[in-house]
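So, here's a batch of structures to check.
Shared between the two complexes below is chain A, which has chain B as its partner in the first and chain C in the second.
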Partner chain A sequence: MSMLKNIQEDFKQYLSQANESDAFVQLRKQAFVEFEKLGFPTTKHEEWKYTNLKGITERDFLATCETHQSAKAVFNSSIYASMQAHKLVFVNGTLSNELSEVKDIEAGVLIGTLAKNRTSHEAIFKNHFGKYAKVEGEAMNALNTALLSDGAMIYVPTDHLVSKPILILNIADATQQNVLAQPRNLIVVEANASATIVEVYLSTGANASFTNCVNEVYVGANAHLEHYKIQQQVGESYQNNYTQLFQEGNTTINHVTLTLEGTMVRNNLHFYMNGEQCNSVLYGLYITDHKQHVDNHTRVDHAKPNCFSDEKYKGVLKDQSTAVFNGKILVHLDAQKTNAYQRNQNILLSDEATVNTKPQLEIFADDVKCTHGATIGQLDEEPLFYLRSRGIPEREAKKILLNAFADDIAEKIKIPELVALLEQQIDAKL
Partner chain B sequence: MAEELDIIDQVVSQEYKYGFTTNIEMETAPKGLNEDIVKFISAKKKEPEWMLEYRLKAYRHWLTLPEPTWQNFQYPPVNYQDIIYYAAPKEKVKLNSLDEVDPELLKTFEKLGISLSEQKRLTGVAVDAVFDSVSIATTFKDQLKEKGIIFCSMSEAVHEHPELVKKYLSSVVPHTDNYFAALNSAVFSDGSFVYIPKGVRCPMELSTYFRINAENTGQFERTLIVADEGSYVSYLEGCTAPMRDENQLHAAVVELVALENAEIKYSTVQNWYPGDKDGNGGIYNFVTKRGICLGNHSKISWTQVETGSAITWKYPSCILKGDYSVGEFFSVAVTNNMQQADTGTKMIHLGKNTKSRIVSKGISAGKSHNTYRGLVRVNKKAEKARNYTQCDSMLIGDRCGAHTFPYIEVSNPTAMVEHEASTSKIGEDQIFYCNQRGIGTEEAISLIVNGFCREVLNQLPMEFAVEAQKLLAVSLEGSVG
Partner chain C sequence: MLEIKNLQSAIEDKKILNGINLTVNPGEVHAIMGPNGAGKSTLSAVLAGRADYEVTGGEVLFNGKDLLEMSPEDRAREGVFLAFQYPVEIPGVSTTNFLKTAINEKRKYQGLEPLEATHFLKFMREKMELMEMDKSLTSRSLNEGFSGGEKKRNEVFQMAMLEPTLAIMDETDSGLDIDALRLVSNGVNKLRDGKRSFVVITHYQRILDYIVPDFVHVLYKGRIVKSGDASLAKELEAKGYDWIKEEVEATTI
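Our next item is the complex of A and B:
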């Protein structure tokens, strides 16, 4: 049986139990129609030119809420168990009460799940859910909307500051069978508020997992958001991650994506600047080996004048791994005085690694400063020689150089545990 | 600022200077496209059987293809059954000298400022003038013959050098390559054929002037240039078309083959009718251009100055197959009013130590959109490949767009690939600097734009560089200066 059949059956089953008068159910129905119309994206689709989902969609993945002890073990052995944070842990798309921990939050702040708070915080849900991550023309979004299991719902009201990081941790538990998880997170940070979100993906089990995740983030005027995405799914794991950030005026967002593991990871990161004086940082690092395939698609919409965006994605590739980067900067009509930077830098460590990169600009205003660039090359011979001539072994020298290469990404991470994790991963991958 | 706007207005309202039609009786095929038309064209040209078969094969393949939709511009659907696929001036006598050419034709060329006789006398350029579909006159043919160089129309080449045509035609751009290449392969009317023998350095710049004249005629040119071992050739192509209300389709194919140590330099100045300021009419320039560096140490260099056409859609490309081969692409694309351009290049690195360089300058004014789309691919075996890409855009006015879509695909770790791009508007401080020194705004703009494009213009042969500079000044006159 193929994944499509499973999905169709899942949806039929869902409908048989759903309350038709619920607007949410209607939304899902529309999304499903859209998904069936579009089908899974193929490599004929310009946005999916370098990433083939065929290997996944022709296989059997089952949505399940069964969890096992191994998920707990994975969590406890990770750095996140001891991290000072509000924790929401989802296993195969459903909340694990045992592992989650949310305490001492201020009145008005919501750190919970969509399933529980969708009706109690109806106004927020209605105003924001499905408003940013559109289903039209986006098959994977439509699929998530139609069949999403659960996810975090975070609300930070006006003038509030959540000082502890909020951890949204997803574990794909494939101990028993191939699993399909479809988490969906809704994050709303109102005007003058501030929050730090850490989104983590882990996995366990000998079977394959496919995580199709959608994040919608709204950042109100003058607000600040720190957003980290850490992808560490080991084993045979596939992930499609769609993140849409909607910014009002005077906001600052600092976003870092670290892709450390995963058989196939596809990230779609989309910033939309809906006000003036926005400041956005999009940084990313991918370290790949074996047959890993990492695809980063980003898009920054400069819809209003006087905004600034700074994008930098760096990659280190080993073995037969493949990396794809597609950065798109769109400067809308009359978005004058836009200032946008985009860089993609790759280091190939083996003969068989491949990089496909496409730094793209679309500009409809004349008074703008936009630069983009891409480089692909090897580790520089000269500094390597310099270090080795001073008695540093080759492996150590390479490590120093790669750490230096990753340094400007690490600089943007303000949580020390994550910086340490990054260094440790560079070491391990060598 | 007010002055700037004035200038923009002026430029926008500028009429196409080359709009006139020549009244020459034309022999045309009936409208539409089917196997009979393909056979008709082939029969008209008295082509051998293998050529007709090739055309039919291409035509049948074309039928199976959908029209591409990935481009970054919109155009109304083209009715392929509403095009005349063959038009030839009726008086078709083989001409030996310019004196025998129809004086009407010569006048047309003179209006364009490329008087054949003038050029013949003064510049020593051998011109193979293509008036619609049939080559009218070929100058300097005898002189080239002495060196063993073959420079003739494609239809002549099919008859006189079938072995060369058979060997190289469609070897770089197969009929299966894309929609428009398939169409061209089926119905191509004429074009130029150049063969430079081993070790010969072509003593003069070869040149073709294309001109679309008859109403509703699609122009389907086919050019093939083969440079044998150790040879060198520089080829110029210039295009103008008179004013027409309906859009005219131009789907040409150009193939270049460079063998060991050979070098081909191909320069284009394209100034076809861009349509009026509301976007009515104009030429659709959908061209497939590709060269292959077959031998080691060979080199292909494309230079283009694109100022005309309602839509320009082409990617002159290089396949760097031989070791140490070099590919270059220099481009200036200027769009104004409602013009659209989606142009760039492809550099496919297959051989070891291959190098490529891309310099693209896009200038958009009015409500036009200018897109750079380029591919740099380094295959697994292309050790130590090197690429440098630079694409700069300049925007004049706030209703135009500049877009960049660079594709970079690298599968070899020893490759060094760099891409740099910038977008800017014409600097107020630069204009101010000039004004301060007594240079008028208009002149200042022309200075700045010429400076912006200098790197590319420098690549053009002398005669063309002058014309290109004039063209730039004309199409942007006042747009900022």
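Our next item is the complex of A and C:
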């Protein structure tokens, strides 16, 4: 068998039980047609040049809602168990009531699952689901739309402020077999509202896991969103993560992606600024070792004038690990006075690590300020010697310098537990 | 305390040090002077343990231990301090955290418990007052955006914090105006306690007006060709290095 055959059977099974008159089922049918037309992306696609799914998709990966004690153990031993937050915990794409905890939320705020709420909150679902993450030409989004398991549905109404972070935690449990999980999250933050979302990816089990996730995020006028993505899947784990943020005027979004573990991680992070005076931060840090492969594709659409975007991705690579950065800033014809920064900086700790970086600007307006750049280098000898000459051992000195390198990313993280996790990970990977 | 015996060194096959002999006893201040290219910076680099300098002969004993066998961090933890000619800017590393780590690493090496945060801060405040350091400097990233004078003062402040038994000062006077030089020298003089030793490496006699040495050595072509007391420095200032060069050339022929 292969993943494709698994998927085709799953979809046949799904259709046999589905109500064909449901618009949602129709949407999924169309998505499946699109997926079958496109097939899995291959390295012949320009956007997938350095990330090869072939070896993975030729194997069996089964969608399952089976969960095991080990998923619970992974959660309980993580920093998230004790974190002050609303928690939605999904194991292989299905909500775990036992591990989830949502309490004391204000009337009108929704922190729940798509499966349960898509009909009870039909208007929200209809207005936003599938509106931002497009299916046409995007095979992995099409696949997720056709066969999504479940996911978070978050709604913060106008003028509401959710002060506690909302944790969307996905655990891939590959205890019994290779698993395929397809979480789908819909997050809607209405005008003048504010929320903090933390997406987390964990895993357990000796078999392989493939997580194909799609996030759609709508941020209404004057709203504020803190958005963190923390990727910590260990063992043999593969992940494709697509996130589309759609922002109205005067919004601020602070986004940080931390890729700390994972055999192969492909992130697609897209911002679309649909109003003026938007302020967007996209920061990312990847720390890789062994044969890890991390691919960050980002795209920022400056569709309206007077917006600011600040993008910075940093990488620390060890052993034979590889990383890809492909950042595109698209300044539309109308988007005068756009101010856009983009940087990608990498430190290679070994001779065998590889980075492919491609910063891209496409500018159709004529009065804009855009800068981009990329660097790949080693840890500087001079600062290292300076620290050692003060009695600090080499390993500790490297740790200090790597933490300093990661410092501007850490500064954008407003949850102390996550900053501590980052420091701990630098220490562990050295 | 420090015994340098017939030390020879080369960089990329080029011989720089050709047999240096020098003994520094506790509490002594030795100045090493010499023209450009004499090997002054190489000597400090070899003593500090820079990897790109190859020692091709001789030995260096520090309190009886083989200094050249030690890693740079072990030399520091044994009590050697190098004040850099060009202190490195390290953005993202706070001076305070850096010093706390350095002091606690040294204490660990000596089998002592780490300093409690309050004790450390009190200790740092005392040393800052002693060195007349501006408070803002320690809250900033290490040397980042510091002026030349601030960087050199920060070196002496670190010296005060780490309390070495031997301080090697590599052209600390270079690039300093007269006020900064006075401040830096005052700092160093406060750390002279009759036990701590100093090796002051310099091209100019100027700094030795403030930090008065017990011995002055002239380094030329990788060897110490002349030694004397503080008056030798004055003589060099007045007459330049040419007469030394001539003397050396005459005796080698």
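One rule holds in what follows: the second predicted complex is superposed on the first by the 430 of 430 C-alpha atoms of A that agree within 3 Å, B and C clash if a C-alpha of one lies under 4 Å from a C-alpha of the other, contacts with A are read in each partner's own complex, and residues count from 1 in each chain.
Here, contacts are C-beta pairs under 8 Å (C-beta built on N, C-alpha and C of every residue); 3 or more make two chains touch, one makes a residue touch a chain.
Owing to the predicted nature of the structure, the values given are computational and were not obtained by experimental measurement.
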Fit or clash between chain C and chain B when superposed on chain A: fit
Touched partner set for A:G373, first chain B, second chain C, both or neither: first
When both partners are placed on the shared chain, which of chain B and chain C touches more of chain A: B
Touched partner set for A:K291, first chain B, second chain C, both or neither: neither
Touching partner for A:L401 - first (chain B), second (chain C), both, neither: second
Partner chain(s) touched by A:K126 [first = chain B, second = chain C, both, neither]: neither
Shortest CA-CA distance between chain B and chain C [superposed frame, angstrom]: 16
Parts of chain A lying in touch with chain B, wherever the complex brings them together: 46, 333-334, 336, 346, 348-378
Interfacial residue positions of chain C with respect to chain A in the complex: 48-51, 71-73, 75-77, 82, 84, 87-88, 90-93, 98, 101-102, 105-106, 109, 141, 158, 162
Chain A-touching residues of chain B, taken from the complex the two chains share: 70, 380, 393, 395-425
Touching residues on chain A, where the partner in the complex is chain C: 382-383, 385-394, 396-397, 400-401, 403-405, 407-408
